[in-house]
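Below, subunit A partners subunit B and then partners subunit C, in two separate complexes.
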Partner chain A sequence: MASTEADFRTTLQNWLPKLVLAPSFAVTLLFVYGFILFTVVLSFTGSKMLPRYDWVGFENYQKLFALPAWTTAITNIAIFATLYIVICTVIGLMLAIFLDQKIRGEGVLRPIYLYPMALSFIVTGTAWKWFLDPGIGLQRIMQGWGWESFTFTWIKDSQMALYTIVIAAVWQTSGFVMAMFLAGLRGIDNEILKAAQIDGASNWQLYRRIVIPLLRPAFLSAFVILSHLAIKSYDLVIALTGGGPGRATEMPATFMYSYTFTRNQMGIGASSAVIMLMTIAAIMVPYLYAELKEKKA
Partner chain B sequence: MRALSITALILATPACADPSVEVMHFWTSGGEAAALGAVRDKVVAEGVIWTDAPVAGGGGDQAKTALQARIASGNPPAAMLMLGQTITDWAAEGMLGNVDALAETQGWDAALPQAVKDWTKIDGHYVSVPTNVHRTDMIWASKAAFDKIGAAYPTTWEELNALAPKFVEAGIIPLAHGGQAWQEAYMFEAVASGILGAETYRKALIDLDDATLRGPEMVAVFAEMAELRRMVDPNAPGRDWNLASAMVINGEAAMQIMGDWAKGEFTNAGKKPGDDYACIPVPKAKGDAFVYLVNSLSLFTQSDPDLIKGQEVLASAIMDPAVQIAFNQAKGAIPARTDIDLAAMDACAQATSVALKTNDAAGTAVPTFAGTHAANAAVVGAATDAITAFFNSDQTPEEAATALADAIAAAR
Partner chain C sequence: MSVATQDTAVSTGRATRALIYLTLLLFALFYLLPLYVMGVNSLKPLAEITGGNMMALPSEWTLDPWRSAWSTAQIGVEPTGLKPYFLNSILMVVPAVAISTIVGALNGYVLTKWRFRGDTWVFGLMLFSCFIPFQIVLIPMAVVLGKLGLAGTVPGLILVHVVYGIGFTTLYFRNYYASFPTELVRAAMIDGAGFFRIFWRILLPVSGPIAVVSVIWQFTNIWNDFLFGVSFGGTSQPMTVALNNLVQSSTGVKEYNVHFAGAILAALPTLIVYIVAGRYFVRGLMAGSVKG
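Up next, the complex of A and B:
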């Protein structure tokens, strides 16, 4: 009797985690992977307003890459992602190194830098939209204070509007990148640093030769997180510029939404979503591969 | 306790068997909600349960997405606010029911102008019930600004262009503009109706005739757009349309080219047509024209007799002359019916209604392009890309006409 009870408890213990995880697993399987599959299927059909299953092969992809709007979108994302990732990483690393100098008030400064991350991109976008608007924001204040010749009209300029998105996005996330680097810095063994100091390494050499190379995993995480934030950037663009002036700040995500849902070109919208997924996969798969390999080794 | 609540649930179900109607719409701003309230009051007075399903977002894009989700899950609303070719598209999908019998007994055919019937009576069936007509080719002019430079309201494009430097000299922005793609598309169609005339407008924007789209007429349209581009203040990109209207209201700017929904802003600010502002059609170089947009609630096929009854009561309420007046006083548009007395409405609405009647009879009333009546959403989207690209750059009119024709050809 006692042994069957024990058996039952072990079985239950073995099964309980699986049972509890099963619903969320099923939901993820259906709503994430199921719909990815659905989107891929749609991208090969002539779907317009509603899903339709007439096979058209690669026609949607051909049309997609012939569209000037898509060319603008991928050029924009290339410029935006590069600047965003590089600037965020540099600023994040600098802030982390400065905060790591055992300065007073670190406990106060750290959350201040991290705080923008707590805001949604919609709030960031709206706040920066007002701040950068020449009629009500920075320019007006500067001119009001007497600097009459001050102009800053990037957000109204088709050529420069994209960079205002970079500014807002960097403001939002560089604090978060700082936190990641700071965690990495705190994880470095003090013995190594002391050994280097005894060998007479300068501070600069210490960081360049030892600390930054040791931060490799943090760099990798920062890169992966920033690149997927960049590719899915939608809300920030909508709130800050609405894709304008004209269509100057159109991104793949805004393109996908408008073609799928407002222009009744679901097939083309789906194919642009697949291209975005493949871009993210091209970044994530090598990363996951490297991570898993390291764990096995 | 649980048994009790389940019983309550079962008992509650038959109570839903009263006639009811679910209305999905994007009329969430003050005036729009008040307008729909006039219909709702009438429907509720008839003993029908009204279920409101608003999806915020002025242009209706979000509502469209929500509708697609509802349809895909097999649960269409009884009535949905839709525009232009979206109605024909859903009718072609076989999703829309009709109220033909009611229309027959109430004589809708005689009450509605052809322009409205084109967008509500599809293939001989009334699948949609019109609430109002908007005119999109309008100029909203500040009387104070025109008085300041001592000029009369423009009746030709040349006059309008010549006014610009005078306004600038007087420290007034000639044209208040909201630099969003859709607003530029509406400006484009207003200019097109004025420069092309009704016949060529049809050829270019309804038949999508490639030669006309590339031709000298279209270049002339973009040349006028280039004039307007110069009248706009540098701060325009991204501005909402109602903020541009506010610039005219407070005399900061002289004119705005916008559909007659702008009137609501003037009315809410306590301004009177004639005394404070003027509502005039854009200059017409090639004969009269009237660009219209029809708002209507489309009826999705229902099988439950209570829901069908609900749809009929809704349709009857919308077409009620008193409701049409009350609705349009709140919304700032004109009634879809042209057979009712408009003495209760303001001078702007009366003039627009008369213009609709004359243009409808003369065959010079043309459907809106930007509002996806003249062409489908794919074509309008592609054209809007080209138009907004032109307006926000220093492209030449020739380049713009070519870009427009190319974009439309690719989207067809």
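Up next, the complex of A and C:
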């Protein structure tokens, strides 16, 4: 009797860890991978307002890439993502290098650079929307200060509105990129730098030849995180321009939402979501795989 | 070419240093600008914004925009102000954060101290779920929430946020517990301590810092979420969705001062958390990008 009870306890103890993990894993399989599969299936059906299961092959994908709105969306995301990633990286790296020069007041500056990251994109969008509005914002401020000919109408201009999203997005995340680079810089062994200086390297050479190459992992992380944020960007576009003027700032995320939920073209909406997922997976999967493998070794 | 004689690795001249300070200061102003604009203009009568300069301090200070944003402003069709939505957000955030953090702690504990074949795969699959574009799950989620009768309710939103939050919380606790000496856990096992006892007595007491990181990360993310809120919020919309409705409303006069007050109200909880525990917030951000 006593021994069977002990057996039962050991068996339970052996199974307990898996039992504890099982619900999370099941939920992930269902709500993430099952749902992905569901959306992929829908993208091959003629679903309109509600899911339907009539197989239409690649028709939705063909329609999608023939739609001017989708062409605009992918052109916009390409321009936006490129500018956003490059500018954030440049500003982040510059601020990190500058802050690393034994700056007095670093403790005050760093939190100021980083706080936008704690805000919702809707808040950021609201602030920038009105600040960039020609009627009450920057243009009027400058004119009020005496620069009568100053004009800044980007947010109302379908050619330029996309760049206002870049401004707001850079404002929100460049401080975070700074923190990533700063952590990288602080991890570099000072002795290497001293040795290079003794060899007569100038500051410029020091950074270009030694420091920046050593920051490679930080560059990679920054790129992965920023591209991921860019492709997902939905809130900021909605709050700042609502996709307008006209369709000027349509992005894949806004396209997916409007085709699925307001235009009742669920099949096309699903196919656009699949394209978004494939783009992000192409960036994230190799990165996560490498990170996890490194951990094991 | 300068030869380093002092202890700093990089030496800079006076002019360079002045330039560095100037740049750093200008960027600080750039980051503070929207906060200043929101703050100052939320304390002005509307006429001072439409007829004056946005950068100017109020000539007549007023709290009316704040009162209006909180309790009387038109949100959608109802003149309720943001108050009920603020409460929705609180009701959604607190359970979602608590559940996802507890689940994440247990998962992290299993994945590091009770390892089994294929555990890295299990973790990898959970981790990838943090990075999917949520557009890919919107349609199935809408269907499932509808079937469960949770569409448009706070419990529905809690479910969504827990499901898509446990990837990150598991990541935090797993990486944290990985550096905790496994020998201590082994010793406790030999002494006959069981699964939960070891967790409760040995790991939980040292989990304070990472629990703070996890709570702050989840709180910030869930509070700031817009996509799930607007898709599944229904009549229980969170603060971000209400703020967007307030600002985008196309009827009537645009009350910029009320919009700014509302924006600050929506930002306040996460901003306070950032001010009180910014260090942990940054740790959470970094752990989500440069793992380890």
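Definition applied: the second predicted complex is superposed on the first by the 268 of 297 C-alpha atoms of A that agree within 3 Å, B and C clash if a C-alpha of one lies under 4 Å from a C-alpha of the other, contacts with A are read in each partner's own complex, and residues count from 1 in each chain.
As a convention for this text, a contact is a pair of C-beta atoms (placed from the backbone, for glycine too) under 8 Å apart; a residue touches a chain by one contact, two chains touch by 3 or more.
Everything numeric here is computed off the predicted structure, so don't read it as measured data.
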| item | value |
| --- | --- |
| Subunit B versus subunit C as contact partner of A:F8, first or second or both or neither | neither |
| Contacts of A:W147 with subunit B and subunit C, given as first, second, both or neither | neither |
| Contacts of A:L292 with subunit B and subunit C, given as first, second, both or neither | second |
| First (subunit B), second (subunit C), both or neither touched by A:R247 | first |
| Touched partner set for A:S24, first subunit B, second subunit C, both or neither | second |
| Which superposed partner A:K129 touches (first subunit B, second subunit C, both, neither) | both |
| Which superposed partner A:F261 touches (first subunit B, second subunit C, both, neither) | both |
| First, second, both or neither for A:F58, with subunit B first and subunit C second | neither |
| First (subunit B), second (subunit C), both or neither touched by A:A273 | second |
| Subunit B or subunit C, by number of subunit A residues touched | C |
| Residues on subunit A lying within both footprints (that of subunit B and that of subunit C) | 51, 129, 135, 242, 261 |
| Residues of subunit A that touch subunit B when the two form their complex | 48-51, 63, 66-69, 129, 133-135, 153, 155-156, 158, 161, 241-248, 258-259, 261-265 |
| For the subunit B and subunit A complex, residues of the former touching the latter | 61, 64-65, 68, 71-72, 89, 93, 179-181, 234-238, 376-378, 380-382, 385, 388-389, 391-393, 407, 410-411 |
| Subunit C residues touching subunit A - in the complex, by the definition given at the top | 1-4, 8-12, 17, 20-21, 23-24, 27-28, 30-35, 37-38, 41, 49-50, 52-55, 103, 106-107, 110-111, 114, 116, 120, 122-129, 131-141, 143-144, 163-164, 166-167, 170, 194-196, 220, 223-224, 226-227, 231, 240, 243-244, 247-248, 256, 259-260, 262-264, 266-267, 270-271, 273-275, 278, 281-282, 285-286, 288-292 |
| Interfacial residue positions of subunit A with respect to subunit C in the complex | 9, 13, 16-18, 20-21, 23-25, 27-29, 31-36, 38-39, 42, 51, 91, 94-95, 98-99, 101-103, 109, 111-124, 126-131, 135-137, 140-141, 144-145, 171, 175-176, 179-180, 183, 190, 193-194, 197-198, 200, 202-203, 206, 217-218, 221-222, 224-225, 228, 231-232, 234-235, 238-239, 242, 252-253, 256-257, 260-261, 266, 269-270, 272-274, 276-277, 280-281, 284-285, 288-289, 291-292, 295-296 |
